[in-house]
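Have a look at the structure below before the remarks.
Naming follows writing order (A, B, C and D), and every chain is counted from residue 1.
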Amino acid sequence: MARVAILGATGYTALELLKILARHPQAEVVAATTRQEDRPSISKIHPSLTGMFDLKCENLNAEQAGKLCDIAFCCLPHTASMEAVPQLLDAGCRVVDLSADYRLTDPGVYETWYEHVHTDPTRLATAVYGLPEIYGSRIPGARLVANPGCYTSTSILALAPLVAEKIIEPQGIVIDAKSGISGAGRTPKLANLFSECNESVTAYSIGNHRHTPEIEQVLSDVGQAKVQVAFNPHLMPMDRGIFCSIYPRITEKRPVAELLEIFRKFYAGQPFMRIVDHIPSTKDVAHTNFCDITVRYNRDQLVVFAAIDNLIKGASGVAVQNMNLMLGLDQRMGMLPC
Amino acid sequence: MARVAILGATGYTALELLKILARHPQAEVVAATTRQEDRPSISKIHPSLTGMFDLKCENLNAEQAGKLCDIAFCCLPHTASMEAVPQLLDAGCRVVDLSADYRLTDPGVYETWYEHVHTDPTRLATAVYGLPEIYGSRIPGARLVANPGCYTSTSILALAPLVAEKIIEPQGIVIDAKSGISGAGRTPKLANLFSECNESVTAYSIGNHRHTPEIEQVLSDVGQAKVQVAFNPHLMPMDRGIFCSIYPRITEKRPVAELLEIFRKFYAGQPFMRIVDHIPSTKDVAHTNFCDITVRYNRDQLVVFAAIDNLIKGASGVAVQNMNLMLGLDQRMGMLPC
Amino acid sequence: MARVAILGATGYTALELLKILARHPQAEVVAATTRQEDRPSISKIHPSLTGMFDLKCENLNAEQAGKLCDIAFCCLPHTASMEAVPQLLDAGCRVVDLSADYRLTDPGVYETWYEHVHTDPTRLATAVYGLPEIYGSRIPGARLVANPGCYTSTSILALAPLVAEKIIEPQGIVIDAKSGISGAGRTPKLANLFSECNESVTAYSIGNHRHTPEIEQVLSDVGQAKVQVAFNPHLMPMDRGIFCSIYPRITEKRPVAELLEIFRKFYAGQPFMRIVDHIPSTKDVAHTNFCDITVRYNRDQLVVFAAIDNLIKGASGVAVQNMNLMLGLDQRMGMLPC
Amino acid sequence: MARVAILGATGYTALELLKILARHPQAEVVAATTRQEDRPSISKIHPSLTGMFDLKCENLNAEQAGKLCDIAFCCLPHTASMEAVPQLLDAGCRVVDLSADYRLTDPGVYETWYEHVHTDPTRLATAVYGLPEIYGSRIPGARLVANPGCYTSTSILALAPLVAEKIIEPQGIVIDAKSGISGAGRTPKLANLFSECNESVTAYSIGNHRHTPEIEQVLSDVGQAKVQVAFNPHLMPMDRGIFCSIYPRITEKRPVAELLEIFRKFYAGQPFMRIVDHIPSTKDVAHTNFCDITVRYNRDQLVVFAAIDNLIKGASGVAVQNMNLMLGLDQRMGMLPC
């Protein structure tokens, strides 16, 4: 039974982590941290968890938390993670970091997009990018796994087989991404109010969304060529789900059936990848760790459609998948029968 | 052409006021105030108004605003209104106050429910409660109109004919009120985030919601007997609308048709009251100043159903209706053909 | 490993059953029926189940299905169930019937409310009402369990302790029930279209909703006195969830803390009952088999609030709970760690 | 005062037409048709219109309706319009047809996309495409105006200035269009149920959506070069609104400010076009006849964003705009102060 700590227990990713871990047969949550001083119970912060955990949220620092657990999920904001992770590792536990701090291998790229110097380049160099369908072999041995962004996972999973097989041009890939509002987190902001989001669709962060370099880094690695994407995030009036419609330029037109077969081969044995014949929907993957993908042609334009639950496969589900791999467990544990 | 000022232009009630006034043939918005110092255009604060007003939001105090206009809509929070209204009146304009500050005729009741001493009891004594279907005759001559709360209007309009005709007991009236989230305002709070409200129904402020004494005050006046209600507000995952299901105790059972007739007589000539045979829905009144009402028996229990748009008939629509009456105009102006 | 059949596999309750059974360690779905002749795969009908079942939906009659399984879930419409259940039982399997056909013990009451003669009064007399928190001791031995309605469960669970302890009057209980749209089923009807329901709240079936006699039958049994309720269902613009606000008349005022204690004792040991101090919300119980309940006073009016997921605790979750009890398994199996 | 008839009064476009016409000072609705035989009042079909029209829906044929009015709005499904429009014109009235039957100038293209022979090619040749911002000069004299599709208007308005000025390649234009569910109409279908659409985003009709040839026809005319688009419609969980994110290939990179200036010049004097600096949202244009547009670069990829209300600017609002032009009225009448 692995002892698990969650740093930063008040947000949506922590909530989803706790829901998954509640039914995980090989993990026990031994600590959850908050900066609140009054030691609220977990069910005070997340009433939906009433009766499921007998645990207070403590104002522990990273070192204290690290000493209590075998594996820590770090659900802190970026830059805060960079301070906590070294302490956690020094305390002897292993870490799945859900922030962006250890995802970009080049500290200069981090600085450009996050406008902040990376203060832990040494450990950054040792972090494994936690997308099991791409880097599954490196995760079991990792002490620090950088859990991917939600848009990032969807985009990479939808493009990796095409990039690997050189079926598309590495440049000029248009990603039109549509996300539910929970992706914006649980901190109150005008833009996330119900009455601002409901009955509304809009785009944001065009040209400067921070998931862009992450997508390009991994796809460039997969394709062994510099990949460049125009990543366009949109907000949808719903809680959960990311739906990506991706418009790459093909190098040579191959039939849909052949492309689907390439996807199926690429993801053979991956329990959470579903290459489907129908067009996916976010509803079909809601509250699951699945990623549903298909392809179509629209006249000569190839279109790849991919859907995930942004809080599960886009955050906490893949985090548990990473934990399972790090612990030598079946990666489905806690999420699918195994 | 009446010159209109709006104090506190950034919220949802101000937005709806501006939308109605944009199509009002006898009113011109000459000033809109904010505490922001950079003089944002109205369309910067409310992009939906782009191209409809050529006006900056100015950081004016109440006295300055009052001098510019014939009539002022005060969209400030409670206690802030109490400071602004005296200055507005002294500056010579007339006022429709959308806060709660001038609604409760007894300053002691105000203090009990708002936990704040009323600092302007003199003007409070002169304020007219701005529900035209009840106090229509007093509004034309008023210099200060206290615009009713959203839950309040719905509840009063649904009960007034029954209370007036002694068809129900004045005590033990259960009001189960269901509101869209815009009623909670535009200030970011955890409880109003999309991901907290969406796919959720809950109740709040049971026993201590501040619209309670307002409902009781007006109905006691209408029925000339002390009315007491158990007011139970609920939040619904939608933008707009209030739906009240009201369970009074009847003194004598009269047929539905007779009750509907009593309602129709009570509201004869009122352009925004629709006594309907079917059960109303918030969708039918959305973006209008209508109040739809019907009655049913559920076994021996009388049920009254009433629906309004909380931002229109519950706030800004009735505010314009009040303005129209104060200016000697047709009360429908800006809202219905007349 | 119990062999399970699902009759009527195309609706939402069947979908939720399948999702729960997919992670149930002691049940295997061996048959799913439909009237479609082309033997669609389950994932064709429910794309969200892609990869989870290797099963075709067959056009089997009840006798055929009954011979294949140990336990059958009957998800057919009312009157259709009454035809299928005798065949299922004759074929030797046990049955959880999700229709209304075996819920009302008096065939005359059934006829009054469903406007249809009951054609199977003999088996009706042997059916056990499948609300485990009330009739848990009778379910293990039952061959036919009548799974309760969604509104029904919520209302009964919220009132049973108060009725049993004579804390409230058995007459004049007002239930204001608010349901998500999935309760209306998956058959296309104007009233269930997105654009009719979204941004809308309304009431329906006032005085004639068929869950009324069911609530009264069970509560009368619990309280050993004739209970009568005014049941008022409303539709909310959301997928899932029932929220009941219940206004009973108290016989004697007891403090909230004492009432909560009475609830906690009444439901002691029940894994899915959560008596909470805060006001519940449908979001807190969504996708779970929990029922959250609290009580409040609003002045002298007692109010009971209860929330469930209408498709889980209100249908498929309690169905699996019943199956677990019938099979001698832990009732949490498939839904909570056990 | 123009006498107006509406053929096919039960759908959402008819409802929105009626709402606009209710406040139109120069139009009177004299007839509304339905195939229902029982002469329902308009408010029976659309309860939101209670009290606004004193009119029954009659089972009139097109000839009968045509004789009663000066102008007819034909809200019938495609192929039904093709039968009604000749009768309407012969009866002497003018027609705004909201179906697709008279939009495609080439009957062969119609046949290809609608799989139906065009039975009225003569009148088709005389129909004017009713997008006032493009064909405004031809509409006043037209006897038959073909009202554009909702996706179509958005796409054309977002691209016309760029196509006219040869700023983009006429081929390879990717349109990612996002629509609310009301675009699917009011006929009950599984795909349009609340519980299927809510919390879901998906794509549909990839490569074969019937608005494709309409977009290409108009843009080819505007640009005097064969335009080809990959049009990708998506469904969003909301009632109203279309948001198009368009990815064209530029011929030469020009600054955003210059592009916005080109848009502003192209649409100078058009009261419903708002070229904005911020990214539009569907909420900003909901319940209005506005079309909001802006442009951005995402690295080197030009992106055009456009938002409308699909039922207003995408259907009934532009229909009234067309009527106004046909009657020699200010095109804003009924929708904006004028």
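We take it that a contact is a pair of C-beta atoms (placed from the backbone, for glycine too) under 8 Å apart; a residue touches a chain by one contact, two chains touch by 3 or more.
Not measured: the values here are computed from a predicted model.
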Pair with more cross-chain C-beta pairs in contact, given A-B and A-D: A-D
Chain whose average C-alpha position is farthest from subunit B's own: A
Between subunit D and subunit A, distance of the C-alpha-averaged centres to the nearest whole Å: 40
Centroid distance [mean C-alpha coordinates] between subunit D and subunit B, Å: 36
Rounded Å distance, subunit A centre to subunit B centre (Cα mean): 45
Multi-chain contact sites of subunit D, meaning residues that touch two or more partners: 180, 196, 198-199, 237-239, 280-281, 283, 286
Parts of subunit B lying in touch with subunit C, wherever the complex brings them together: 172, 174, 176, 178, 180, 196, 198-204, 206-207, 228, 230-232, 234, 236-241, 243, 245, 247, 279-283, 286, 296-301, 303, 305, 307
Contact set on subunit A toward subunit C in their complex: 22-23, 25, 47-48, 50-51, 199, 274, 276, 278, 280-281, 283-288, 290, 292, 336-337
List of subunit B residues in touch with subunit A within their complex: 12, 180-182, 184, 186, 188-190, 192-199, 237-239
